[in-house]
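Across the two complexes that follow, subunit A remains constant while its partner is subunit B and subsequently subunit C.
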Partner chain A sequence: MAGFTGPEDTSRLKKQFDHSKKQYEQEKYQKIAQKHVPKASIFRNSLNAFLMGGLICAVAQALFNLISSAGFTVKEANTIVAVIMIFLGAFLTGIGIYDSIAKVGGAGAMVPITGFANSIVAPAMEFKKEGYIFGIGARMFSTAGPVLVYGIVTSIIVGLIAFTIM
Partner chain B sequence: MFEIKKVGKQTIKFANPPVILETSSIVGPKEGEGPLKDTFDYIADDMYFGEKSWERAERKFLEEAVKIVLNKRKQTSQDIDFLLAGDLLNQIISSNFAASTLGIPFFGLYGACSTMYEAIILASVLIDGGFAQKVIAATSSHYATSERQFRYPTEQAVQRPLTAQWTVTGAGAMLLGTPDQGEGPVVTFATVGRAVDAGAKDPMDMGSAMAPAAVDTIIAHLEDTGRRVEDYDLVITGDLGSVGRSIAIELANINGYDLSKNFNDCGILIFNPSQDTHAGGSGCACSAVVTCGYIMKALREKKYKRILGIGTGALMSVTSIQRQETIPAIGHAVAIENV
Partner chain C sequence: MKLKEVNKVSLLWAFLIGGAICLAGQLIMDLTPYEISTGHVLVGYVTLGALASALGLYQPLVDIGGAGATIPLSGFGHGLVQGVLSSIKNQGIMGVFMGGIAANAAGIAAAVIFGYIMAVLFNPKG
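The block that comes next holds the complex of A and B.
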């Protein structure tokens, strides 16, 4: 019979049609929904992040000046400041304050080394109830892990580039 | 003679409408500071509720909600035919533990945040079908256990977007029975929702994911029953939040229904804007405690004659979200009336 495509073909066409119809309807809906989604103020958030990040750096700088003036070399002072800042980040996380700082400061609180400490201590606290192996041990780096992996990968690439050029 | 009690596409019309004999609600401290604080039976002082973990606290919330409903009615677990319960945790573990302590024959349900309404519908079906005299529907959720399972550790430094909702800590329980068991508001209609996948992908914006499902069920209910929106004193969704509510109003409007007058949402009612939850409350307990507390109080005081409650649920899993899959959603509607 001429033009007969068989049941398989019509069902395939219908499937394709239904699929694109669904996709079209979903896209149409997303346009409607987007109108109702409140937008965060990028300017205010950026300003808060700038101020919070600046504040954390200012604290670190003050510590650095203090420690340098006590007679430590720049290299020594750098290490000591990093250790203190990591402690502060972890401590403020432990007593439940750091998440409130990040609520205001956003990336300004997440990017500095204190935020890195937070990203390790927060899951460690949360998963402690699953024990020291499957809880703390396995979950501690659930957020920091990707940062470490890609940080190390990037440093290898940069190192290789530097090595070939120089 | 075998009579089918279904009307239209997806609605059940109860022949002998089951009576809501008693309800109970327990909430955590944040909910206890909200505008509905006087409608709850008990407000816990802290999120641990005297337990050593948040998961154990959630279990206790559920258990206590059921115990309160039993005590109010001077019943024991032996008097209850079935317990229908669910929660948000993996394998509905809170409900499983609570059921094991209570010892009532148990159906575990999962409909995400719509579970309370799913339970009310099935409880009513069991009662009107003649399979039970007294059934308890109950659900729980907990802010910290949900955050941990679906999102981040609670102390993690993250900024929540403005569309995010706050999982309600608490539990609600409802005792339903045959009309000869006592008086109270009755369940006349139930419209079972269809899972609707509107293509939403953002787990921090569940209002957008659930609004189409809620509207789909509301429209189906009105078409199946021949009722109008104005026939209800209140049409209330479970946890669409402020974003989902305004989307739902627009979607209904596109379909020729006006929800702008008597339409509200449990997630909006339960917190004050000053409590900084962003788009409102969510979770299984959100619709449960508002329905069992505020709405039932208003019905008993005859402030409302007839309401339509729609439990809304975002049907996602942690794995589906990580794989950037869409979020299907569902809405189950129940008409509760004073007769």
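The block that comes next holds the complex of A and C.
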């Protein structure tokens, strides 16, 4: 059995003790950090998403008011607003501004239709080097494709149910 | 109320409803333990918007929020379902297949053409 007689043993033990104490404190700190940091950033992310999403929708509503006061019907005005917002989303993505908007706004920038346009342009631009057909042509729909698929499938199922009931 | 006041109030409602819809998306992304990409959120929003529209729950949101409800992607699902339902009345079973895309043709076409033009014209930064 190893005894604890020599001064080397004491210093070794002291080192081990210091080391595990340090480790314990680090773990404790990390636990505290884990508790606090995500909560704070979840709150900030949510606030940013709310403000950015609200801002984009308010801009769209301002366009809608302007267009419907020019004598268009609600349906027409909605269509024109959607087209303009898609153009803005695509253009701002092209010139590199929408990236910064998305960094701040998170879901607030992705969920509006401008974000849908962004999800078309960003991968298409990135994979342009793979060619105009399988680079741009295919990658445009890496996110927009699933969105169209699930939107159209759901609407047709709803339609079939409504048709049989009616 | 005068038209100007109506317009101002509509901006506020669009901001609140649109902001709330986006906030929900952010919370879904942040609070779900496994990785959720924006693609998942967008697909979820279109599907949920379509289902809510079918149950008659989305139109009230549009009536209050205006662009705040139509501009988020759930509004696209709503547009698809309403297009299908309204064209069933005139075209029957053909309306089921034509109505959704017909009602949103301009948006889909705009997304394709503007998306294509911007991707051709511009290159990613950095």
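Here is the rule we go by: the second predicted complex is superposed on the first by the 119 of 166 C-alpha atoms of A that agree within 3 Å, B and C clash if a C-alpha of one lies under 4 Å from a C-alpha of the other, contacts with A are read in each partner's own complex, and residues count from 1 in each chain.
Just so it is clear, a contact is a pair of C-beta atoms (placed from the backbone, for glycine too) under 8 Å apart; a residue touches a chain by one contact, two chains touch by 3 or more.
Just so we're clear, the structure is a prediction, and the values are computed from it rather than from any experiment.
*Asks:* For A:T93, decide between first (touching subunit B), second (touching subunit C), both and neither.
*Replies:* A:T93 sits against subunit B and subunit C alike.
*Asks:* Which partner chains sit in contact with A:K103 here, subunit B, subunit C, both or neither? Use first/second/both/neither.
*Replies:* It touches subunit B, and subunit C stays clear.
*Asks:* With the two complexes superposed on chain A, say which partner A:T143 touches: subunit B (first), subunit C (second), both, or neither.
*Replies:* both
*Asks:* What is the contact status of A:Q30 with respect to subunit B (first) and subunit C (second): first, second, both, or neither?
*Replies:* Only subunit B is touched by A:Q30; subunit C is not.
*Asks:* Which partner, subunit B or subunit C, touches the larger number of subunit A residues?
*Replies:* Answer, by number of touched residues of subunit A: C.
*Asks:* According to the stated criteria, A:I120 is in contact with first (subunit B), second (subunit C), both, or neither; which is it?
*Replies:* second
*Asks:* Residue by residue on subunit A, keep only those touching subunit B in one complex and subunit C in the other, then list them.
*Replies:* 38, 45, 93-94, 96, 99, 106, 110, 115, 119, 121-122, 125-126, 143
*Asks:* Which residues, counting only subunit C, touch subunit A once they are in their complex?
*Replies:* Touching subunit A from subunit C are residues 3, 7, 10-23, 25-31, 38-39, 41-43, 45-47, 50-51, 53-54, 65-68, 70-77, 80-81, 83-85, 88, 92-93, 95-97, 99-101, 106-108, 110-112, 114-125.
*Asks:* State the interface residues of subunit A toward subunit B in the complex, per the touch definition above.
*Replies:* 22-23, 26-27, 29-30, 32-33, 35-40, 45, 93-94, 96, 98-99, 101-103, 106, 109-110, 115, 118-119, 121-123, 125-127, 129, 143
*Asks:* Enumerate the contact residues on subunit A facing subunit C in the complex.
*Replies:* Residue positions touching the partner: 38, 41-42, 45-46, 48-58, 60-65, 69, 78-79, 81-83, 85-87, 90-91, 93-96, 99, 105-108, 110-117, 119-122, 124-126, 128, 132, 136, 140, 142-144, 146-148, 150-152, 154-156, 158-163, 166.
*Asks:* Would you mind writing out the residues of subunit B in touch with subunit A in their complex?
*Replies:* 53, 148, 152-163, 197-200, 205, 208, 211-212, 243, 246-247, 250-251, 254, 326
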